[in-house]
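In what comes next, chain A is part of two complexes: it sits with chain B in the first one and with chain C in the second one.
What follows is the complex of A and B.
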């Protein structure tokens, strides 16, 4: 085991005088300081651009949710389990599978699949299940490893553990499992809901993942968002050209002469009921098997079927938007209005795009970087 | 029919394609349908939306080849006087003041826009993606400025004249996904030729796409198809959805392909296998047939 990195714990640091941050102005009000704190909170996210580093775009992620006794704690409203299940965001290209662990065992809730609907339905059902017993890190990691072991080498294999308990009940030495995970290049990250646990620190450090403990619910949400972004690809993951199919969606109506109803391959195995016969759908270009939803892997010929928008959704990770330059409002000459939303500039800073030098307000800056991913003025001059 | 309550605000943003080259050619082809007729129809649509409920809001953006300009609402807080002080808004025919003010502002702004911009040789495509981006930022601001307890439903109506510009594909897709995330519908009313980008936008966001058979009846189509909002649309019989071609175009020839090869690093699409990706210059592993090893059978101990 290599040495622990030097890290000062909070109790080891000096005595902090937190009241000195607050400053009163002449009339004795704290309004200016409070506004400043709110403003900083809006700007908290640091925009790191990975630049020339390759990102792991095809990702297979296993999410392990701890459903042990401690998840019924009320410190996250209404209880920790419901809070976790509420915040589910669709990831990028790749597949997600969910595992739950309680009573010293681990169970697979849903298999690895690209379409989020099944996961969301399973999570909704899981909300009502009871929590009990102790979680088992070893068993859940073992289960995740079984699934991820068979994934192709060019995809990035990740496990995200949401751990609320401070204990784990393992049948064997977990450090051996850590060595195996490292050899298989599986990256494990942990989000702790209660406190820092040393075995998780070691686990994440050895496999190259990240370990965070949440402060409150919004911090929890931010951490999950952080994991949605594709991580930098490790040098050892292979780059390959993946063969994919782009099926056409045929909408046939009953009045068409040639329309023949057919079964969707996905429904043949499912137990959700319904006849499954339908007229239109997506036909695999190689074997003409029908599917109702994309993305999916064709069961007959093994071709991955996607549609072009699925790939386009990930483009903004490859060509990220640069952060805008912040400058105080007083120094800004020219008309005081935001180019994007046509509103008046009222905040104390304005943001300038380094390429086209247009000025934006705080809200537009956040909107552009989080949701829009392109500068509205730049796309006027350089489409 | 479901009545909108006092707390529901419906915001409609109309993006009008005012590409001067296309409209100039159109004036020669069909003199009875010119840009001013088109804007009359847009004004009728805007007025109708404003009088449906007191809470309805409107914005109109003109999409030109060099800029996108907000025709309405006007920036009244400019230092100096706004239009409201100089020209009294009474139109003399008893029209509701809000509507006559809106129409006057729109007419004034479009005249200023068309007279001040000069078309340069290589920039002849309408900057539709840019106008949509500005529309989304405007909607975002209005949503933030709502009073407590009010809900807002927004949609964007695009009136498209000139052809698509393939260079705008990526920005267009960013805008479409942003609109989908914010639950904003994008409707499209196409005057001339079908637009693949707008078909995808309408399909992904859940809006309506229609190519108008007769341009002079634009006002009729706008009022019939695009005026009702999303709640009321389920109770009407509207034009059926069109078949959208979601096949990808390969990066090397720009052909539409059904089976292609995707680089795992940069997601570029190619029609043929090549050892190097031209976009990110990664060298690929060439898949060799795998050697099958002879399996050794292990004797399991009896349990």
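What follows is the complex of A and C.
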């Protein structure tokens, strides 16, 4: 999300028929169509929210990334793998694990953990790895299932497969595995990078996931963002209150002679090395074990440790900001400037907040809904 | 829903209707009103069967005196079962809506195990059975001759009806047939001797009857109870059976002589082709057999078998075949040709003489049907060009229409690939088909497609020999190995058991995500009867134009006949025949509106107007100038884009566009749109 996709060379791109979209208006001018295209490009579809339903906020998500031969296809620039890794973005409250599959095998890249940094680092390494062979849906699902099946029943267990290949090489009948997954209430979703494959259709339909196939890179990103949103919890999933700890971050000052560096519990069993000893950290309010990073589940007493911002980040999923009303510019009266960016309203539609009736331009509307999740004008006017 | 089609109340057992179904029923109703014949083309998967059934049943109820019976002919047993299923739905709907227990009797004759010989068949309102029951003179006589004149006959999937007609009238005689006939004759002889000792009166009675002639049959035909049988010509009925074959012994002796003559004719070393009169002249010179007794052969044998009370007629199929041949050859001086080949073209060293008595005029077999029944409907998904069927079947339809498919999304994507990436033209033309570059380009096309098309691909070749050559060559070039990294490969063979095994495994591979390619042959079993719905066929590749093997003597004779009798040029007919098979092949992929598939025509000749124009309208519609004469690269790009588009969730927004409720149907605007669906020729 942070890096802009590099502009592909025109001759590397596919055959495009740009002239077919163009239509002349009555005066024979193309201006209207061109403007329309530009506007459509700006205005991305906002996913409809689920409304008032219970959401599975506690998520355990296994992301399976296909790194088979087909990932080297160049229809996403520079190739599908790099593009995929570029687009990957961490979600929110929940644990993510990454599995890759190639050469008919599945490997665990990272374990289920709430810490985004580790995943990003692992993915960065993976960028340079080579792709080869065929993927195996069965093996990856099996691996994901082994990890997920011990997770508590109140959390939402999900697998997200990013599949580039059109084939899968399986050691056993995949439909048996689908039944098992269904019984374990693991939801499998697939994002296909090339075309609709029958086995994925069945897989997602049976396990209650979703199946999408990308059109291009921006659509790909959109689909991934869709998976960041927590899914509605299934009615049968257990409902329970969860104890959570909110540890304070304490920093012992270096001048304090009594302070002794100590290990973080999270680093004890990790083989990645890194600086094990540190002075400050988060201390579990129940057993005082030390952790350098949040969110985490306490290794000693099993308490879930989070910080307030973590919870706040998930908050907007439960109470999403209402969509602004779109109306044509001609009908709009009053301010000709966007409340947020103070720019002149030039596009053909303007967006009005239903509460404070402030007017925004397309770009600001997108920014507010995708990233801010609250209306700046409303907050401002609140006493 | 209840529809009002030009004043006729039609019960339609579904809540929604496709616009083209409505249009189809409209045309059908007009045909029935005019008491004429019709040729209707509508793509498969748009509910042709139910439209036909509901309209004709409604018509029967409204005008019981005008139309008494519906005879629905389909091709295969599964198709017949599908029809019965739809019919059942319709009947349920009737009893639910009308509230009355209807007294409709429907009857399906599918296979021997369901065979019904109950006399009630005559009173059934709807009969569903295979083509052969009506067209094949041998069976038609048993099953269909008592069907009432005021029936409506429907031939579904009728794009091959001319070949069915020809096959039903043609006779092939090999040495084996003759040997078995010889055995039959001997059995007959011994049975006659036995009966003579025990029950001579019976034979006398038969003799008496034969002197009187076939009066019974004649009376029946004149009073219009029976449908005429092309093997039993009118003249035969007027006359008494000639004396030379009237007694049983004489007849057996006569048959023996005839068999000996045929045997002698098969002892040849070069190909002989002659017309029926030539054959008759020769036989009269060599063994003194006249035309007249030959003509009575079939009827005389039937009478003999009846007299001898022989139960298992199947044992006597060989001699029946010979006697039918005798009658046909002496009855028709036109429309047939006799070709005697000493060996097969493929194995010129092995002597295997065959006498082909080949029918060249499909109208002979179907003539009684057109003459007898007041309305005959010929329908299929691929009947283009529509005007050729009335010409070769020799009838005058009152309606000839082609319907297009209204689609909420463009779910078919026909592409004509004309060149490889190296710009070498791709064609299965005879001169270049062995060309290394052509074969390599075909291989590359398959390879590229196998990498981007999910699940199943079906590839059709023009013939088994061509497929063998190409596959062998691909193997040497290592193309097959590369293809196999993407998908498994299955091959259709002439052997039915092998093919059905390959099909089963192919479907399994598509089902569990491995993906597969089925290499098969146009005109083969796969191209005609097997549907590849959804993931079983995401793409069909047609390698080359499936022209029929033009060196065949039978075909040459037929082409000549068509030119002389119907003024159809050889080339026109060949192209028509090739294109209808190509359309059949590619049509395998789309079996409904929710289905989608690529149709790839891999031959540059498809881009020409004379080929393209012969494709069904519902395919032509989507074949734009931009999808002609593509290179492999361009094809891949377009296909990729198409497949991604199709993989997007298909919102059920067909409603109001390609799927209508009753209210939507009645709107003025929609009726105007519907009027454009039918394309009159």
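Throughout what follows, the second predicted complex is superposed on the first by the 343 of 383 C-alpha atoms of A that agree within 3 Å, B and C clash if a C-alpha of one lies under 4 Å from a C-alpha of the other, contacts with A are read in each partner's own complex, and residues count from 1 in each chain.
In this text, a residue touches a chain if its C-beta (ideal position, glycine included) is under 8 Å from a C-beta of that chain, and two chains touch if they have at least 3 such contacts.
It should be emphasised that the depicted structure is a prediction, and the values quoted were computed from it without experimental measurement.
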| What is the contact status of A:331 with respect to chain B (first) and chain C (second): first, second, both, or neither? | neither
| query | Which partner does A:183 contact after superposing on A: first (chain B), second (chain C), both, neither? | reply | neither
| So, does A:198 touch the first partner chain B, the second partner chain C, both, or neither? | second
| task | Tell me which partner A:137 touches in the superposition: chain B (first), chain C (second), both or neither. | result | second
| field | chain A: partner with more touched residues, chain B or chain C | value | B
| Does chain B (first) or chain C (second) touch A:168, or do both, or does neither? | second
| Counting only touches as set out at the top, which of chain B and chain C does A:213 meet: first, second, both, neither? | second
| request: Show which residues of chain A lie in contact with chain B when the two form their complex. | output: 54-55, 57-58, 93, 154-155, 233, 238-251, 285-286, 303, 307-309, 311-316, 318-319, 335, 337-344, 363-364, 367-368, 371-374, 376-377, 379-380, 383
| Contact residues on chain C for chain A in the complex? | 451-455, 485-487, 510-515, 534-535, 538, 626, 633-634, 637-638, 640-641, 643-649
| Which chain A residues qualify as touching chain C in the complex? | 14-15, 17, 20, 69-70, 75, 134, 137, 166-170, 173-175, 192, 194-201, 212-215
| note | Residue positions on chain B within touch of chain A in the complex are 66-68, 70, 73, 75, 77-78, 125, 127, 129-130, 133-134, 136-138, 140-141, 144, 165, 167-168, 170-171, 173-178, 181-182, 200, 204, 241, 243-249, 257-267, 269-270, 273-274, 277, 280, 282-285, 287
